[in-house]
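Once you scroll down, you'll see the structures, which are given as structure tokens.
Next, two complexes with chain A in common: one pairs it with chain B, the other with chain C.
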Partner chain A sequence: MFLQFMINGIIIGSIYSLVSLGFALVYNTTRIFHLAYAVLYMFCPYIILTFYSNLGYPLIIAFIIAIIITILLSLILEIIIYRPLSKKGSSDNIIMISSIGIMIVVINIVAMLYGNETKILNQNISETLTFGSIIITYTQLAQFLISSFLLVVFLMFLKFSKFGIKTRAMRDDTILCSVFGSDIYKMRIALFTLSAIFAAVGGGLVAYDVGMDPYVGMPMLLNAVVALIIGGIGRFEAPILGGFIIGILQSLSVWAFSARWQDAVTFTLLILFLMFRPQGLLGEKRRTV
Partner chain B sequence: MINIYIILTTSTNLLVGMTNLLSLGQAALYGIGAYLAVLALMALHLSLLPTLIFVILGTSLLSLLVAYPSLRLRGDYFVLATLGFQLIVFTILYNWVSVTKGPYGIPGIPSLVLFGDIIISGIIPYLILSSIFAIGVIIIFYKLIHSPFGRALKAVRDDELSAQAIGRNVTALKIWAFVVSSGFIGISGLLYASYVSYIDPTSFNLDEAIFILSAVIIGGTGNIKGPIVGAVFVVVLPELLRFVGLPDSVAANLRQIIYGLMIIILMRLRPQGLAGEYALK
Partner chain C sequence: MNNDTILNIDSIRKSFVRNIVNVRGKDEDERFFLLEDIDLLVSKGKVTALIGGNGTGKTTLFNIISGFFNADEGKISFMSYGKHVELTGINAYKIARLGIGRMFQDNHIFQNMSVLENMLIADDKFFGERPFESILFYKINNTIEKQRKEKAEKIFAELFGDNNPFLKMKNEKAKNLSYGQQRLLGLARLLMGDYKLLLLDEPTSGVNPLVVEKIKELIKYFVEQKELTIFLIEHNMNFVLDVADFCHFMSKGIIAMGGTPEDIIGNPEVRKAYLGI
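Showing the complex of A and B:
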């Protein structure tokens, strides 16, 4: 049983890592506490629902269309909301509150269009693979493979491409980066695009397994943020590490206590980290946190 | 309900407007107040005044548990810590079934007993009682804002380093602000529990915390009128929408959309809110 819960934890951890990395891409570089990111995660499965269940496109095509539309939404948010605020020099708190505003608006628009109840994408019960005593569904396998693939590709990309170098430069010092002639707002477009892809893929994969309602974004975002804090703000490997830790820990807390205490375990961990190691596992120490 | 929200927003303003601390844990404190009130009323059979004191002290003490660790953090990290607190409290209220009855809630909360056998029940007496409390809280906060304590808080808000340089203990001031504000939020929990006579944890979840914060932000921060405007606005708007004659299911979502849009627009054009004087930073 322990092994089974461990495997479940690793699978869900890979999703947390993916979503958390998307959040980190925006937060580490722009310092936008992008709460509306939760909305992107929730938005993608609904678009899949429209194209796959209602219009009858094949699943893969519907997924790709949904990812593209989610990217568009993300860019609209950046261009209409965040960019003017940041050009105006608004403080982090103001940007975060605006983000809460966006979140409220989009969640309720989706709720008006699709209804508040839970919707499912996959009517069939997923087939399973059995290794000895361990059971994995094909959906879980897909979740793990797709998210790990994206994580690895992204890390390579970050390490070796010109864009990756610029991203790391922007993380370290945005102003210096623009002094050296990089167009910050062009970079931000790319970052918001990438982060939307991660949110959309994560959202789609989870919704295909367990369905969705308009409020699924927030709990996932919170897990992603906790993963980021535990891993540490700064290095892009950190949210991935944090994601796996959270996933395994939650799964084991289901095994040890019950599913009801999952959140309490996660957020106690968050508060412990904030108190004793606010820079996270891989973060560098800063004087003010 | 307006009175309850006025107390909530006025107390939250002490944090947001006076100290520039955004707390997403207000609903947890509101819930703690309500559950403590139920404990005092149903298990200990106290009358109004002892209940009030019990709730204020209890909520303040519990808030100290959050205030102490989280106030050493800044900005986003403080918000996160209060958010974590909010979710932990909610999980405890929801899952500690033997004490809080969890998701089933606690029905049949008795009416408040003023001295001896004068019982407050029915809408009109509650209106009077809650108005007295709301006005009391407003007066206390008015005095507080213009007291040396209030001015010290403003100094911390506007320039933390200078305040520190002239010998103010910044962390202690913030902790005091948090604790005082929590004590008053406890009162609104008490009023809510005895007015509705039934409580369950979902009244005190994260959505409620966001709701309280957005009421403060829409109304405005930093002075007395702002939070009152915010509270009146968020309570009156649903009634207005009902008056327009929208079906309930659409109205609930539409109301939220209006709040959200207002927040976005206000943050862009008027970060101090409708009637506030302090622009958030």
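Showing the complex of A and C:
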């Protein structure tokens, strides 16, 4: 049984990692505490629902359309809200509050259009693979393979391409980036696009398993932020490590206690880290002098 | 603007708002002109120094040239690839691409990136900066990455000899370099770009005399071997006397005096107003 829960933990951990990475991509480079990211995660499944269940498109096509529409939503937020505020030199807090505002508005619109109740994408019970005593559903397998694939591709991208080098450079010093000829706002378009892809894929994969309601974004965002903090803010590998740790510990807490302990475990972890290792696992202590 | 001029700063004015307490004891915002009327020519292939007291607006002038601030009035034109370009209203990143390099007053390096990556990011070939390029054109991207690395290593070897600390530490984080080394990295990095004019804001501040000597050597090398033009802000008068061809003294929002470094630094008025001797 332990092994089964461990594997479940790794699978959900891969989703947390993906979603957390998308958040980190924006936060590390722009310092925007992008709370509206939660609605991107929630928004994609509803578009899939529309195209797949209501209009009868094949699942894959519906998923791709939904990802594209989620990217558009993300870019709209950047272009009409974040960019003008940044250009005006608004403080990080003001930008965060506007992000909360957007989140509430979008959640309410979705609730109005689709209703508050949980909607299901997949009516059938997913088929399973059995390895000895371990059971994995095909949905879980897809979750794990797709997220891991995206994570690996992205990490290589970050390490070896000029775009990756620029992304890491933006984390250090955006002014210096523009001095070397980078259009910061063009970079941000690329970053908001990538981060929307991660949120949309994560949201779609989870919704296919357990369904959706307009409020699924926030709990996931909290997991993502905790993953970022325990991994270590500032590094792009960190949210991935953090995501897997949270996934595994949550799953093991279900095994040891009950499902009700999942969130308690997440926040205990957060508090322990904030108290004893605020820089996270991979972070370095800031030099004070 | 004749052919020897690379940068023409024409009647630049810049105001800021400051908060004062007025006669009734209330807070009030007041607009004041930090730069009253700046006129200055920078000659191609020469070293021009800008001196002046703390807070007179030298860095502000550099920020206007590099496109971080807009001037209230006046214009700046730059000779780029044989054409006059008006810099007014152009974004900072575009000004960089026109051929104006910049080094900031405090050490500005990418702390958490490796020494080598600090060089790579400044490369004037922008291929691979779009996310899909490096995946779709994998082969070209690899070749260009390799060329970039070779270029960076060649610059290190040329400037600092074959067995230098930068080559040895190329894969270490740049923040592990000493303060002086970080400054030298900042200077070396400017050779990665295809610049015509370099704006250096206090290149010798806070480094030891040995590094100051090295910086002098680099500046001479930049001008003589790389045909660069240098416009620098400096408080170190001996340094200015050694490297600069022209010197301008900024005071009360205008260029109060211009000429050879000997004339300006030797001038009794400058000595009284600025050096206090």
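Quick notes
Everything below uses one rule, namely that the second predicted complex is superposed on the first by the 286 of 289 C-alpha atoms of A that agree within 3 Å, B and C clash if a C-alpha of one lies under 4 Å from a C-alpha of the other, contacts with A are read in each partner's own complex, and residues count from 1 in each chain.
Everything that follows uses one rule, which is that contacts are C-beta pairs under 8 Å (C-beta built on N, C-alpha and C of every residue); 3 or more make two chains touch, one makes a residue touch a chain.
Please read all numbers here as calculations on a predicted model, not as lab measurements.
If you put the two complexes together on chain A, you find that chain B and chain C both fit without a clash.
Considering which of chain B and chain C touches more of chain A, the answer is B. Contacts of A:Ser182 after superposition: chain C is touched, whereas chain B is not reached. After overlaying the two complexes on the shared chain, residue contacts for A:Asp263 are found with chain B alone; chain C is out of touch. After overlaying the two complexes on the shared chain, residue contacts for A:Leu222 are found with chain B alone; chain C is out of touch. Applying the stated contact rule after C-alpha superposition, one finds that A:Cys44 touches neither chain B nor chain C. Shared-chain residue A:Asp173: touches chain C; no touch with chain B.
Looking at the shared chain after the overlay, A:Leu150 reaches neither chain B nor chain C. Of all Cα pairs linking chain B with chain C in the superposition, the shortest spans 14 Å. Residues common to the contacts of chain A with chain B and with chain C across the two structures: none.
Residues 20, 22, 69-70, 72-77, 79-81, 83-85, 87-88, 90-92, 94-95, 206, 210, 213-214, 217, 250, 253-254, 256-257, 259-264, 267-268, 271, 280-281 of chain B touch chain A in their complex.
Those residues of chain A lying in contact with chain B across their complex are 33, 81, 84-85, 88, 90-98, 100-105, 107-109, 111-112, 218, 222, 225, 229, 260-261, 263-264, 267-268, 270-271, 274-275, 278, 288-289. Put simply, chain A touches chain C in their complex at residues 157, 160-166, 168-169, 171-173, 175-184, 190, 193-194, 234, 287.
Listing the residues of chain C that touch chain A in their complex gives 66, 68, 91-93, 96-97, 101-102, 104, 108-113, 117, 120-124, 126-131, 133-135, 141, 145, 175, 193.
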